[in-house]
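In the two complexes below, chain A is the common chain; its partner is chain B in one and chain C in the other.
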Partner chain A sequence: MVNRTDGRNEGSLRPLSCELSCLYRADGSALWKSGATHVLAAVYGPIAPQNMAKEEEECIVSVLIKSGQSDQIISEYKSFLTKILKACIDTAKFPRTVVEVVLQGIQSDGSVLSCLLHAAVAALIDAGVDLLYLPVATTCLLIQKQQHQQQENDSSSLGVEILLDPVASEEGADDSNSEIVLVTDCSQPTKILGSYTLGAGVSLDHFLSCQQVSAQASPAIPAFWRLAIEQKVTREMQTLWSK
Partner chain B sequence: MPVTVVLPGDDVTENIRLNSKRAPKIGTGLRAEHGKVYGTAAGRLEQRSNAYFIKQSIRRYRPNVEDRVIGIVEDRVASDGAGGDIYRVNIRGSHPALLSNLSFEGATKRNKPNFSTGMLIYARLETCAKSMDPIISCQLGPHDVGVSRRDWMTNEAMYGELKGGTCCNISLGLARELLDPSNVVLEELSRHIAFEVCIGVNGLLWIHSSRPEYSILIQNAIVNSEVLTEAQVRGMVNTLMETVADHIEEGEE
Partner chain C sequence: MEIDESNYGDYDLKTWLNFPQSSNWIQSLDPKAYVLAFWDQNTRPDGRMFSQARTTKVVTSLLKHSAGSALVKQGETKVMAAISIEIGQPTPELPDHGDIMVTVTTPDPRGRADRLQSWLQRMLDELLPRSLNLMSGKACIRLVTSVMILQDSGNLMDAALLACMAAWDDTSLPTMDQLQETQGKLWWKENPMTSVVGSNSEKTAREKEYRVSLTMGLLKSKSGKVQFLVDPSLEEAKFTEGQLTIVVSLPSRTLQVEYTGSLGLDAADMALATKLANGRADELSSIL
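Moving on, here comes the complex of A and B:
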């Protein structure tokens, strides 16, 4: 057991909050809060690209990230998210169009990439863009353990401590820490769709431990999405739909 | 009946009852793959006789053939070979639609309507191939059986220009609800004010009444009704009507 600054244990997520349809002009929008990391996502589309010459047989997915971080990190996040979202959107259904996802980092307190992905997915659900599956991201921080701190737990033989959903103070505590963001399909938590590594490289054993942690924790996010949609459906049944 | 809430990626094959006589129809928000049915949109699973779909209320229109839509004329694109002009019309979908000014009842080369940018047209969606822009038309179609065929020059044709009034954007779910004959907000409003309304299933609403204050009031009432229950809607309309009660009395005298 380790003492984290906010009192959580190693494998628990921060409290989640999601507000759908918060922007009036966007086709879909979501304000996603994971602890103190807040991201606002807006989705426009499917819509014809501004330049007709850029039309393709399948839908083009364009991701734009506005955040206080460095341009290099933003462009890496952008290409990672574009690949994930392009794979999960039913692009064959909307030929000659563009789906534009605009992500605005409102507040940043660790695990920013996961938050960006979840906000984007929530906004895509709100916009009614057809998705083949829902990608879920989990962030694992690997801390090199000192010799005298080794305790009896699964990862003690590996010499690292795995913290789930780290905050900024935990991420920045030591330069030798690594962070892995794993993206999985919510209906198959053991299958990895994509991964992104920050900091020093990780060994395969560490990677597999992170994957186990992620498989345990990731069902919480789709459960939260389901709750949000159930509340929306209940409300709509009382107000919008007469039957 | 229990409500089934579906998220994208959910396996809903068990919820689709297999009828031995006919294969079930898979509609919006669902996809069939290898004998299983998965959700692709988030919402409630609905069944209408043999068809299954996800009920959701989104903002951007997806064209379907024979939908009745309101379009805003943008500009002239080309001339069709038969002496008419083709215009680009915004129908709030992924692509603008095309409308020829010869696709009106009784329109000929010498007798065709004049379009200007910003004009509102009530039309029906004629074709929407995936590789082309959708085409709309103001002529009667297969779903308009029983409607009398009037020329475009008399203003009594079913489709055509919407003159005057005001237009606003609404969600597709609200548009569908407004088309229901027993819709509460329209019924309540009609008890107090006389007005004309045109609802496009593409999420455009046109309102015309004798005074602009009434049009704005009606527009606000309709937009509010999306998030209110039936009883709340009646109360809301009555409250709004009180603000123009004096005008209505004057008008009646």
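Moving on, here comes the complex of A and C:
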């Protein structure tokens, strides 16, 4: 058992909350909250690009991230998310168009990249953009165990602890920690579709353990998306379609 | 070259490729079909095997006014890195760490340099600062690294990181015996660019850490398995179904995995990719 600052287990996610269609101008929007990390996502599209010369055979996915974090890490997140979303959106169905995803970090308390992805996917579902699959991201923080603790704790012989969905204080605690964000398809949780590593790096065994942790934890997110959509649809039925 | 006449009525791409001049216009008319024609036969347009990287050549100490410099040629991709040293005060939060600044310049005006610059900055920031300490809390080294992309023929990440590592290897860092402190300021005892004796022993004394990366493109074979295309060239990179970069830190052999793509990777694929990356690290550690 690990003492985490918010009393969670090593393998439990923070409480989730999702509000769809919160913005009126956007085709789809979502306010995603994971613990104290809040992200607002807006999706515009598929629409014609402003410059006709930029039309391509498949839909162009453009991701814009506004956040208080450093430009360097934001440009990496942007590049990563653009590729993940481009792979999951059915781009062949919308030639010569652009899908623009605008992500605004409202509050950040760890695991920001996963929240950005989940908010983006929720907004895409809200906008009704055709998706080939739903990508789910899991953040694992690997902490080097102290030598004496390793001998006492015989349940894991890895020498590291894996914490799921870390908060900012856990992430920034030590320089030698590594953080791995894994993206999987919700229908095939054991196969990785994306990976992003921050920090000193891990061995292959630790990476594969993170893959197992991610496979166990990932079904929670699609279940939550489904819940958010059901709430939105029932609410719309009551307000828009009531007699 | 034998031409099988029974195929004349058949407009299969492979038949057309048997004609000597056809490959150039096929490549410009339908680049994807051109590349796929090679991949289907388990080879690549430049004749390499799937697990073979392009010939890599590293030349160091080219620039006289830089503390360290290196030119890397990986196939047709050419990248040069130059490191110069500044001495300053460390930040109070991290008194034992130095600083690294990376700038990437490219002749291509479309700005692919941003992503490469932030990636290289992160790779070096995670690796080097501890070795840049001079006097805890008072003095540390800042490495100003300039990376110049001379020719982009695919896989800039590997070539740029290798150039930075080779330039780092070439750099001889000043130590406290070359410096003296008077009245709260640090002074060089002798000109660091011309003094050779101290710097040679310094190079062998300090254990330097490195990072070596291997970028692979991903393909789905006919049997549904994932295949890795090591060191994709510019034409190949457009048509792969994913890109996987594994960075191996030496000597600790820890890994950093960056992957985006449409193919799912399971544990066996990761193990194979790691093996390829470690093989590349072994190959390059003889240079560094």
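A few notes on this one:
We adopt the following convention: the second predicted complex is superposed on the first by the 229 of 243 C-alpha atoms of A that agree within 3 Å, B and C clash if a C-alpha of one lies under 4 Å from a C-alpha of the other, contacts with A are read in each partner's own complex, and residues count from 1 in each chain.
Here is the rule we go by: contacts are C-beta pairs under 8 Å (C-beta built on N, C-alpha and C of every residue); 3 or more make two chains touch, one makes a residue touch a chain.
The shown structure was predicted, so the numbers you read here are calculated from the model rather than taken from an experiment.
When both complexes are overlaid on chain A, chain B and chain C end up sitting side by side without clashing.
Touch criterion met: A:Ala87 reaches chain C, while chain B stays clear of it. In the superposed model, A:Thr97 lies in contact with chain B only, and not with chain C.
Contacts of A:Asp185 after superposition on the shared chain: both chain B and chain C are touched. Seen from the Cα centre of chain A, chain B and chain C lie 120° apart once the structures are superposed, a value rounded to the nearest 10. By the document's definition of touching, neither partner reaches A:Trp32: not chain B, not chain C. Residue contacts after overlaying the shared chain place A:Ser79 against chain C, while chain B stays out of touching range. With both structures placed on the common chain, the touch criterion links A:Phe224 to neither chain B nor chain C. Of the two partner chains placed by the overlay, only chain C lies in contact with A:Val202; chain B stays clear of it.
Overlay on chain A (Cα): least separation between chain B and chain C is 14 Å.
According to the touch criterion, the shared surface of chain A, contacted by chain B in one complex and chain C in the other, consists of residues 185. Residues of chain C that touch chain A in their complex: 114-115, 118-119, 121-122, 126, 242, 247, 249, 252-267, 270-271, 274. Contact residues of chain A toward chain C in the complex are 71-73, 75-76, 79-80, 83-84, 87, 178, 180, 184-185, 188, 190-204, 207-208, 211. Of all residues in chain B, only 3, 5, 7-11, 29, 31, 38, 40-44, 55-60, 94-96, 130-131, 173-174, 177, 180, 182-184, 226-230 touch chain A in the complex they form.
By the touch criterion given at the top, residues 27-28, 45-48, 90, 94-97, 125, 127-128, 130-134, 185-187, 222, 225-226, 229-230, 233, 236-242 of chain A touch chain B in their complex.
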